[in-house]
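Chain naming follows the written order as A, B, C and D, and within any one chain the residues start at number 1.
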Amino acid sequence: MKGPLIIVNFKAYENVCGAQGLALAATCEKVGKETGITIVACPQMVDLALTVTHVTSPVWAQGLNSVSPGGRTGHTTIEALVGAGAKGTLINHSENREMLFDIDAIVKSCKKNNIASCVCTNNIDVSCSAAMLGPDFVAIEPPELIGGDISVTTADPKIVSATVKRVKEINKNVEVLCGAGVKNAQDVKAALELGAKGVLLASGVVKAKDPKTVLRDLASAM
Amino acid sequence: MKGPLIIVNFKAYENVCGAQGLALAATCEKVGKETGITIVACPQMVDLALTVTHVTSPVWAQGLNSVSPGGRTGHTTIEALVGAGAKGTLINHSENREMLFDIDAIVKSCKKNNIASCVCTNNIDVSCSAAMLGPDFVAIEPPELIGGDISVTTADPKIVSATVKRVKEINKNVEVLCGAGVKNAQDVKAALELGAKGVLLASGVVKAKDPKTVLRDLASAM
Amino acid sequence: MKGPLIIVNFKAYENVCGAQGLALAATCEKVGKETGITIVACPQMVDLALTVTHVTSPVWAQGLNSVSPGGRTGHTTIEALVGAGAKGTLINHSENREMLFDIDAIVKSCKKNNIASCVCTNNIDVSCSAAMLGPDFVAIEPPELIGGDISVTTADPKIVSATVKRVKEINKNVEVLCGAGVKNAQDVKAALELGAKGVLLASGVVKAKDPKTVLRDLASAM
Amino acid sequence: MKGPLIIVNFKAYENVCGAQGLALAATCEKVGKETGITIVACPQMVDLALTVTHVTSPVWAQGLNSVSPGGRTGHTTIEALVGAGAKGTLINHSENREMLFDIDAIVKSCKKNNIASCVCTNNIDVSCSAAMLGPDFVAIEPPELIGGDISVTTADPKIVSATVKRVKEINKNVEVLCGAGVKNAQDVKAALELGAKGVLLASGVVKAKDPKTVLRDLASAM
C-alpha cells in the first residue's frame, strides 16, 4: 500500500448488507484494477471473511476490540481479523471511539500481525497524539463534516495541511489520510495537494446512485 | 427450532478463527444431521456470513448492536445479521452485557426480522426480568461457573429448575436453556430433566481435543 | 416516603453547580415543609454530601456504579452514597443507561443498605422488566418527551396507566412515577389520576425563572 | 503547584466514605502544612464539594465526564468541578479509562477553567501520546503494579526515567508523576531522582493503619 489510497467504509448502511455489500466490494476491486489505484473496502463486520473470498483487492475491518483471544463473546480480536483475511483496519472512527490505551494496544497488535492500521482522529492535537503511537495511517476527519456535502478539503483545508506537517515531524512513516464530505475528483485532488496520501469516505460512495462512476471519478484524480 | 437444542458459542477462542472456525461449524452440521438434534454454531462475528455459506445447519450471531442502520462504523445491525443469513443471536452474554433498554429493543427487532433471540442471564431474577421482554430463549448461566469444570446442573440444579418454573409463569412461550460448565451427556440429561430446552456451551466443545465426539455425546442425551 | 412524591433531578445543568445547587436544594426543602409534600433533590454527584449537610429534606443520587468498594477510581459505590447521606437514587436514567444485570445488582444493594431505588424506564415492557427486580419505584419516561414542553400525561396518558396496571400485577410494592415534560399542577394532577405515585422532573424546575413558584404549583396538585 | 507533589487517590475504598474520608483529607492538609509539601486529596466523587469546605489544601476530582452541561443525568462536567471547588483532576486512571478524543477535550476544558489536569498512563508510548495533548501532569503507572507491594521505582525505574526524558522533549511544561506500589520515603526519593515531580498513590496511604505517619514519611523525602 505505497501509492495513493481510497478507503471505502461501508459503515452500517442498510443498502450494503449481504449480497449488496459483496457487489460494492466487487465494484471497488474492478475500479481499482482499471485505474491502478488501491481501493480498500471496509465491509460490515459480519461480512468480512466472506468478502475476502470474493475479491482480490484489499479488505479491511471497520474496527476490532482490544482483547486477547479467549472467553470473550461478541468481541473481535486481531487473530479473528487475520483469520478472516483482513489486510488492515480502521481504529477509533468517530462513530466507534476507543480508549487511548486500547488504541496503543491495537496499533501494536496490528504491527505484530502485519495488519495495516489507520487511526481516525478529530483534530490536529489528537492526530499528533495518535501519530505518537506509530500507526500506518492517521485519518483526520472533523466530525461535524462527516456525512455532509462539503469536503474537509474545502471547509477546512488547513486542518489537513497542518496535520500532515505535524504528523510528519513526529513520525515520517505515518501517512495522513483525510475524510469527511469527500465526494469527487476535485476533493481528492485537493487532499493530495494538501499532503494527504489518500481519502477515507463512506456515504459519498455507499449511498451514491452509481458507485462505480463515483469511484472512477475519485480514482481519476490520483 | 422446536426440539431440544445445543448452541455452540465459538467466543473469541484463537483455535476457531478462519478456516478452523469453518471446520467446527461443519462438525456441528455433521453431528446434527447424524443425530437429528439441532446444533447451532455461533462463529466469530467476522466469520458469520462466510460460515452461513458453508453449512446448512443454523448459524447464529454472538450478539449485535442495538442501533438502526446508517453511519455507525463498526456496529452490527439486525439488518446485517439478516443479510449475513444468521438465524438467531445471543444477546447479553455475560462477556458482552447489554443495557436493559437495548435488550428490549434487540428482542423486538429480532421478532420483526424473524431472527431467534436468546437472552443470557446470570440469576433467577434477571431471568424473569428478561422473560418479561418475550425473547425466544432465556439462557441461565451463573457467571462464576462459565468456563469451569462443574456443570451448572450439578453445582446449582435449583437455579435451572426455578428459572424454568418462574419463566414459564411469566411467558410460556419463552424456552429456558442453561449453560456454564456443561460438558457431557450427563450434564445435558440433567438439564433436560430440570426443564431446560437445551444447552449453551463454549469451551466444552471449542477447546475439546475432539469436538465431534463431544458433540455426539451431548446429542446422545437428547 | 409513603405519600406522593416530587423528585427534582438537577442533571448536569450549569445553573445548579456549587452554591446555586445548594440554593435549589434549599428551595425544595422549604416548599416541602410548607406543603407537607416530599420533594426530593437529586443534586450533581460532586455536590451530594455537601447538599445533605445543608437540608433536612431527602437528597438522592442521580445514579451510582454497580461495583464493590476497592480500587475503582472515579466510581461511586452504594457505600459512598450511604457515607454521603443519600436516602435514595435514580437508576438507569435515559441519559445514564445501565446494563440489566447491573440494575439487578444495584436494586439489591439499595435494599440491603436501606436506600430508596427508582429505576427509570422508557416503555411499558421495560417497566415490567424493571418491576420484576423489585425496586421501590419505577419511573416511566418516554425519552422523546424528556426536556420537552408536552407532559407525558398529555402526550401519552395510556403509557402511564398501563404501566401502573401491569407493574402492580407484577409486584404491588413497586410504586410508579412518571416524568418527561411534567411542568405544572395540571400535569401532576393527571399523573396521580393515572395511578402514579408522583413525578420526576428536571428542566421544568431547574431551568424555571422561579423554581419556588413552580414547586409550589406542583405540590398544590397533590 | 510548583514544588513536588503527593496525590492521594481515595479511590472507592470503603474506609474513606463519608466522615472517614473527611478525616483523611484533614490528615493530608495537616501533614502538608507541617512539611510544606503539597498533598492533594482526591476524595470519592460524592464527597468532593463537602471535602473542599473542610480543608484549605487542594482537593482534586478522581475524574470527570467529557460532556457539556445540560440534560446529562449522573455525569460530572468541568463546570460541576469548578462549582465544587476542585483545583484539579485525575484523567484516564487505569481504573477509569477514557477515549483519546475525550482526554483531549477534558485537558482543554481543564486549561480553560484553570483546573490542574493529570493524565494517567500505562506505558511510555501512551505517556508521549498524552503529553502531546498538553496536560499539566502525566502520571505513569504500570497497571500490573497498581495496588501492589513493589514500587514502580524499584520494579521498573527505567519506565519512569524514559517517560520523563521523552515527555520533556515533547513538551517541557508537562510534569511527570509516577505511581503504582509507592509506599515510603525511599520510593519517593527514587521517584524524584528519576526525574518525577511527585507521586500518585492510593492504597499505601488509604489502607495504612496510620496514614499520618505514612504521609509524614513520604513528605520527608521531598
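Everything below uses one rule, namely that a contact is a pair of C-beta atoms (placed from the backbone, for glycine too) under 8 Å apart; a residue touches a chain by one contact, two chains touch by 3 or more.
No experiment lies behind these values; they were computed from the predicted model shown.
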Fewest hops from chain B to chain D - one hop per pair of touching chains: 2
Most widely separated chain from chain B, with each centre as the mean of CA atoms: D
Geometric centre distance via CA averages, chain C-chain B, whole Å: 37
Length of the line joining the C-alpha centres of chain A and chain B, rounded to whole Å: 33
Rounded Å distance between chain A and chain C, as computed from the means of their C-alpha atoms: 44
For chain C, residues that touch 2 or more chains besides their own: 94
Touch-based graph of the chains, sorted into line, ring, star, complete or other: ring
Pairwise chain contacts under the document criterion: A-B, A-D, B-C, C-D
Residues of chain B touching chain A in the complex: 9, 11-14, 17-21, 44-51, 53, 61-63, 67, 69-77, 79-86, 90, 93-96, 146-147, 202-203
Residues of chain B touching chain C in the complex: 92, 94, 97-104, 121-123, 125-126, 128-130, 132-134, 170
